[in-house]
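Some structures to go through are shown next.
Each of the two complexes below includes chain A, the first together with chain B, the second together with chain C.
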Partner chain A sequence: MADAAAMFEVVKPGLATTVQDLGRPGYYHLGLPISGAMDRFALIAANRLVGNADGAAGLEAVFLGPVLKFSADAVVAITGATMPPKLDGVEQPLWTAFAVSAGQELSFGYLKAGARAYVAIAGGIDVPEVHGSRSTYALGGLGGYEGRALRAGDAVKFGVSAGSPRLGVTIPEDIRRNAPQSGTVLRAMPGLYWHRITEESQGTFFEDEWKVAPEADRIGYRFKGGRALDFVPREPPFGAGSDPSNIVDSCYPYGSIQVPGGTEPIVLHRDAVSGGGYFMVGTVISADMDLIGQLQPHQPVRFESIDMDGALAARREEKARLNRLGEFLGSS
Partner chain B sequence: MTKTTIEAPIPGTFYRAPSPEEPVFKNVGDAIAVGDTVGLIEVMKSFTPVVAEAAGTLVAFHVENEDAVMAGQPLYDLEA
Partner chain C sequence: MKTRYSFGGDEHIFVEVDEEMSLEAFFKSLSMTTAIREAGIDGITEICPANASFQVKFDPDVIAPDALMERLKGFEAAAENAEKTIDTRIIEMPVFYNDPWTHETLMRFRERHQDPKSTDLEYAARINGYASVESFIEAHSGAPWFVSMVGFVAGLPFTYQLVERSRQIQVPKYLRPRTDTPRLTVGYGGCFGCVYSVRGAGGYQMFGITPMPIYDPKGERSYLKDLFLFRPGDIIRFKPIDRETYDATLKEVEAGRYQPKIASVQFSLDAFNADPEGNNAKLLEALDG
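Take a look at the complex of A and B:
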């Protein structure tokens, strides 16, 4: 019997807490990005802990956790960033399913590592599906809770659990992805426009240390601090602007690294714009996209060149991580 | 008199003034009332005010204008 009152009230929303699932594929060619969790592995892990399907909707809380007051009993799990959860002020373990009683308040301590925490609730967050997904695409005002980040006073419903929550089970550290440390490397394949920059810039792009710019968000992660890229002189083609970083408009893949003006690389992420007129130096491989979602402002990274075979091998390694998660939860 | 250290709630870039042309929100020695804005932290294209949740006298800043801050990093000391 469905409990009509299964909901939580948002006491404090955090900085930008959104409902996210695994996204809304299939509309990118129309300009509608996939959206969904920036760190997909973390959301999947949280969902499996509470007995949900991988694609159930949870919350993504960036940098600052929300305060939520539950009106019904629930089972929750928090994964991703190290942002310690608290129940009525008592700290709870991360990467672990725990019970919340009706009337209790879930809050969070300061962010210690990573950037985005995921909150899965047994039964999943019950907002209407839009084009097959409950993910919030805030720029388009679509999906999630009224197409926006949560605000104080919102009453958010959650569903009835069909699976069996794994109360008290903790995902071991060797299965989790560690929060990015200094020395983080993002692997990227040089792209179609690689020839547009000079040989020297092709070298410096991968040699230099880049720092996450505070502007980085779900649309794109901006980096700064490396040497500006120099372009090979050209006659601007018809339709491209006069700036050497301009191209005739093109599709932007997820993970593509545009460098407007040659100065600050921007890696497009889950709420990406689908096309435009900036050249792309390359594309961050899918296996490293979750990691970007856990980068904090000012965190130093380097880009590392990888070829297609390397990218596919990295993708297989990420799949193996999911398999290890499945094996662990299947045996515990 | 007890001294309390106030920490940054979020990571980002710390600013002591609303804009480069304007005076700082607070100076060392100023009285702080609950609800006063002491600085701003810029992250994800928005500026979040650092609002005092306790009253007292601001006795020291631990960060400079435009410093990178991490969540939980000491921002200023309050004596009350």
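Take a look at the complex of A and C:
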């Protein structure tokens, strides 16, 4: 047990703190979703600050941060939600690499904005890889720390740092993505089973304000408050089921927006159920997926219709943000 | 059969082979996904076959969405004319129908059911015109099933029975989904069967339970080293077992000695359509032989 000391003990687990990296692609056809950080940019930024590869495993803490007691010296960085970190009770800066000494306790203040904070530790969290990833898929009890969220008393190992941490460096605000405020817009491409709802409902879906429902997690985000959707009448196809929102069970794209019964849209996220029998009106574009991971319950959002060209332009903008991050860290 | 193509955002193409379920639609979907996989197109990252549809995930930084869409459409004609024959496996799954665990669960959620006074099996037997639960179980276990999709959660097979449409079992899902379903419950909703790979929420009617694990997140069981048992295109035979056999099988499973009964078979849709019962008998022989 040469490296037995390089670990932290979970004093308090927070609400649902999981080990996540950039995910486990390639098994969706067997029902295993990609998993990984809901806000990928935030995890990548935290990893780069501590000198890790982009895909090193960190912690994702939602709404309420954990309390972690380190048994070895470490360098950490916290990004994502505005949930100020504290070392032995003394507040530390966000989006900044700072040193933790053996015996110190890392805790968090109350959440001020956003939903998910990311904790990167130089060397990365050392749990076994499953199918090429350390991400936790809690629904299937797979990956991460024993396939589940952290609990008090867990001893979590971290690796030996191979890169150079950027101690004291802070990522400027114009490179970060601002935490979603009121007036948040999720851009979505209509499609999939869009033709199943009436022209009027196609209009109201994008006009109405929706609020994040309490049922919002890594599998999907539910929204409520907009007008119910009306369906184009049909003879139910064999195998689809009698409800007008049913289809013959199909795959669900990441980001797809299903509306069971036509009432409350659900946007599937990194731990998506891979398929099922509800129609979908379209898909949130890849550039806006990180943003969903930072939405809090009751937060108002609107969906905005966008075409493929717009989606690809938004994708390029996100790439540019990543490039600016690289340039900043390369020059600072 | 009218096939429809749609973008699912900037990273997915969704192909609805047909609006309704049929073995023909399933085979066309399987032929297309197999051909697309074999073509090894740069930029495709995942290919997910479903019952009567499929989905391709791609990286638009590698291949232009419109160009990929055109390429995928190009596979359709060949899939329609392809010989509808696959080399696959038939897997026997022992099922303890009417078991105490799903029974306890269904009683707990009775107020969410269409018919709170019957069990799920009694209800399914009645609305499908069977005189008794026994004759319904005979029909459910009498003909084999295609795994027409794997998904919802990790390793969960959707199954479609190899019988004419007039003999397909159909049941609605629960009025409101349960918050609990025992692991390895054999369930049914719409025209599809399923086996719950993990414990959790569910809306399918519950008919029984299998002692045979089908998903192992740690990859420790000898036949589940890559975590999942089922692939789309597998064939399943549900074999009714009693409590004694269930307990004995479970012991074997727990001791790490259990091996599912699996045989290689060829399935031809034309041969099946010409003689469903004779063709099914041949499939089952492969297991018993």
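Assume the second predicted complex is superposed on the first by the 328 of 332 C-alpha atoms of A that agree within 3 Å, B and C clash if a C-alpha of one lies under 4 Å from a C-alpha of the other, contacts with A are read in each partner's own complex, and residues count from 1 in each chain.
Just so it is clear, a contact is a pair of C-beta atoms (placed from the backbone, for glycine too) under 8 Å apart; a residue touches a chain by one contact, two chains touch by 3 or more.
Predicted model, so just to flag it, every value in this text is computed and none were measured.
K.L.:
With chain A superposed, do chain B and chain C clash or fit?
P.N.:
fit
K.L.:
Is A:P297 contacted by the first partner chain B, the second partner chain C, both or neither?
P.N.:
Only chain B; A:P297 stays clear of chain C.
K.L.:
Return first, second, both or neither, reflecting whether A:D249 touches chain B, chain C, both chains, or no partner chain.
P.N.:
In the superposition, A:D249 touches chain C alone.
K.L.:
Check whether chain B or chain C contacts more residues of chain A in the superposed model.
P.N.:
C
K.L.:
Between chain B (first) and chain C (second), which does A:S331 come into contact with in this model arrangement: first, second, both, or neither?
P.N.:
Neither partner.
K.L.:
Once the structures are superposed on A, label A:F63 by its partner contacts, choosing first (chain B), second (chain C), both or neither.
P.N.:
first
K.L.:
May I ask you to decide whether A:Q181 touches chain B, chain C, both, or neither, giving the answer as first, second, both or neither?
P.N.:
neither
K.L.:
State the minimum pairwise Cα distance, in Å, between chain B and chain C in the overlaid complexes.
P.N.:
Here the least C-alpha separation of chain B and chain C stands at 11 Å.
K.L.:
Enumerate the residues of chain A that count as touching chain B in its complex and touching chain C in the other.
P.N.:
none
K.L.:
Which positions of chain A touch chain C when the two form their complex?
P.N.:
Contacts found on chain A: 25-32, 130-131, 137, 139-143, 147, 188-189, 191-192, 194, 237-242, 246-251, 253-256, 273-277, 280, 282-287, 308, 311-312, 315.
K.L.:
Name, in rising order, each residue of chain A that touches chain B in their complex.
P.N.:
For chain A paired with chain B, touching residues are 15-16, 62-64, 110-112, 214-217, 296-298.
K.L.:
Of all residues in chain C, which touch chain A in the complex?
P.N.:
For chain C paired with chain A, touching residues are 6-12, 14, 16, 18-22, 45-55, 57, 60-61, 65-66, 149-156, 158, 165, 172-173, 189-192, 197-198, 200, 215, 217, 219, 227-228, 230-232.
K.L.:
For the complex, give me every residue of chain B touching chain A.
P.N.:
So the residues of chain B in touch with chain A come to 7, 9-13, 42-45, 48, 68, 70-72.
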